[in-house]
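Note that the chains take the letters A, B and C in the order they are written out, and that residue 1 is the start of every chain.
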């Protein structure tokens, strides 16, 4: 995969600028200006969230300020003292971590089956797997809720986790990656007496690390940001996740918008850190899904 | 084989396919999740199909898609085209445009609820500088859905941009250059060469956006709650309300199935229709 | 991605399962009991008043601890319904009069033995009985009245509202008091189910048919009543585009001195007490007759509660103790549901607002919310939705009522 940033074409450099070259330069400058302004506009809401979180006494209908008049950490203090917010953050971390690890496991094993193990009806089974992508969790809320209630899983971490344990998207992504790994590598290992488990573990997995990293980031992000199911299944305040707690804050703190924005900042930060760390995999992962 | 398949097959069967079948059964009952369910046959479907409220929630969902899709597509395409030229700081710019994608819908909704606040909101304040009186945004029935669309487009434009950018980079530059030599202007090259060659990426964006668009919920819940006066009530919010506000789980399940059938039909039509316009050259 | 990562799967999953066990952890050693109470009645300004009652209860009953969760009214109905369905409902929870029958019918309320029935106002107590058995206890009652900014009336040279006012008087005053240039509005009345059923009663109409299986509001009286609410918008009241209908919009406008008349409940006495202008209240104007909305909230014990005795004890304390009466009267929160007229009399002597007699006068002509066997919440939401459609000009009042009639009948007529 070519990195999206490597483009071999360079700007035309002419010693004496012809009118055409000057027009091209003007266009280029203009394009830079427009793109930077656009980026600023895209970034502005984040900046605004940050400013609001440091501006005590900000209400939903307060007059906006570009720079906080009297910056302070009051909102953060209030957030962690009045709401069990540390617990909420811990819940989100726990759920996202477990979801990510389990999804890596279930996706990798299934992808291996679809990529390396010829079995009767494989195409049909893979088709059924892919079809589940069309069934959003949203339409399953009622039966899932009833099912989990019957098994005593409502208001437990496990209840929030189970429906995220297998995702067709991850299986699809890893299967594509595994199909790129030459079968000759498997065969060489097989000659050395390796069975499927060894081949899976020592040959295939090490060769699809970028795809695993991409899936890890997506699974983490999916869990971190998921809303409807945690909203429904996690009833106790001390089990709530960040998005649900944030939605609740807005109802309770209509006049203390700085607190709501402080909560938003805290929910963005970990994802931002992961994103900065794994930006290449994230963007490459998105790019790849569109190419197939 | 089974050993490799079971870890994913069991959760998919228990938490997707099984519930799907269960939803079909629940949709034939009247059930408030408290008292035992009673069998009502197809009553729930009959009620949904005759209730003008059902048409409304599908209409609002369609409005969302119709407003959202062109906005993210044209926006994403413009950014991708610009980033596909010799631009300084492309990686940084791309990173910034992508940033909203990693943010949760709830945060996006809360931030935009504030930016679009009718009194003193940033957007209306800025509009005020130019002598324009901003609309009531999410507090106005006519503007509630546009507000949600605007916030959603802001969040997703980076996602579309990345997919289209990858598509653009897969296009052989010689084809575009050949058109340039033939004297084709920028717009002509865009419509006659670039867009046809970009059609697989476009197809993917359209399919994904439609599936996601029919499921729109988080941002509606946090921005308007379906209001004011139900003006932005969408299908999934209605499923949620029917189940957990009105205690009509049977009707909610029937609506779930209707939604699933609509998604299925739209997706099948698109896959059938792709041969007419998607160019896999 | 190494072996350790996959080993971590098992560990993390096991940890999650172990942690999930802590969810419902209330250890009941040494006879100490913890009961939970989920409420909306104290939200928005009365949290400390409720806590004062809880503190007094815990002092009297050292073996019982009460854990209070307060939710905004807008989220409460959904949260309660979900918790009931999930089996995670608190030991005690608030219910509104309009929803009582439905919850009772679904068996989610435990029988509630009362030690001292005489302490309660009998009509309120009976409202929460089914076949002679008590299933909830009234925690308060309140009325909706007409608040007015006396300074604005003085400036306009108008007489203050009285209990004899009719819609026409209110309309005339509202028009004179509205000063668009100064951002001052004459009147505010929410465009909602609750205001509509009451306006309908004031106009001599009925919301439901006699047997309660279909609506009866799509009549000339109903159209006139809806017109009365909807027509204020944009003439004497801010429009929905201007933010009307958003949370706290009306009380904030009143507190800012930019609203001359406000229709709202007596529960905002505390919130507007310190405004820097003169204000008072009057009985709401009627049209064909006077009719005031009277609300009564109640508290019920969950039929799944593990500590029904302790919960019942707290329920009775919360609804009839002297501490509660004192706290409610002192703070001007909603009225205590008690029979002791002498105690209530002290309520009248307090200032701000001066005309507290209007609260009791309101009770002479009351309009109770229409109650249906199933679909109460959906009925209320549909009515509000359709009225807002008319308010925003997307439908005519006639179209909105016709549509509301069709949709509500489909919900309640099963």
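Just so it is clear, a contact is a pair of C-beta atoms (placed from the backbone, for glycine too) under 8 Å apart; a residue touches a chain by one contact, two chains touch by 3 or more.
From a predicted model like this one, the values you see are computed outputs, not experimental measurements.
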Check: Which of the chain pairs holds the record for C-beta pairs in contact?
Finding: A-B
Notebook entry, point to check: Quick one: most central chain, C-alpha centroids?
Noted result: B
Notebook entry, point to check: What's the chain with its C-alpha centre farthest out from chain C?
Noted result: A
Notebook entry, point to check: chain A to chain B: how many Å between their CA centres?
Noted result: 17
Note to self: How many angstrom lie between the centres of chain A and chain C, each centre taken as the mean Cα position?
What the structure shows: 41
Notebook entry, point to check: How many Å are there between the centre of chain B and the centre of chain C, using C-alpha atoms for each centre?
Noted result: 36
Check: Which residues belonging to chain C are in contact with no fewer than two other chains?
Finding: 74, 82, 85, 243
Item checked: Residue numbers of chain A (touch at least two other chains) -> 61, 105, 145, 232
Next item on the list: Could you check chain B for residues that touch two or more other chains and list them?
Entry: 33, 119, 244
Margin query: Help me check something: in the complex, which residues belonging to chain B touch chain C?
Written below: 30, 32-35, 47, 50-53, 118-119, 135-136, 139-143, 225, 227-231, 241, 244-248
Note to self: Show me the residue ranges of chain B that touch chain A in the complex, using the header's touch definition.
What the structure shows: 1, 3-5, 7-12, 14-20, 22-23, 26, 33, 79, 82-88, 90-91, 93-107, 110-115, 117, 119-122, 125, 154, 157-159, 162-167, 169-170, 173, 200-201, 204-205, 211, 214-215, 217-218, 221-222, 236, 239-240, 243-244, 249, 252-253, 256-257, 259-260, 263-264, 267
Notebook entry, point to check: Quick one: in the complex, what on chain A touches chain C?
Noted result: 61, 94-95, 97-98, 101-102, 104-105, 145, 149, 154-159, 161, 201, 205, 209, 212-213, 232-233, 235-237, 239, 248, 251-252, 254-255
Check: Touching chain B in the complex: which residues of chain A?
Finding: 2, 4-5, 7, 9-11, 28, 31-32, 34-36, 38-39, 42-43, 45-46, 48-49, 52, 60-64, 105-107, 109-110, 112-113, 117, 119, 125, 128-129, 132-136, 138-147, 162-163, 165-166, 168, 171, 196, 200, 221, 224-225, 227-228, 232, 242-243, 246-247, 250, 257, 260-261, 264, 267-268, 271-272, 274-275, 279, 282-283, 286-291
Checklist line | chain C - residues contacting chain A, complex | finding: 1, 3, 5-6, 8-9, 12-13, 15-17, 19-21, 23-24, 43, 69, 71-72, 74-75, 82-83, 85-88, 243, 247-248
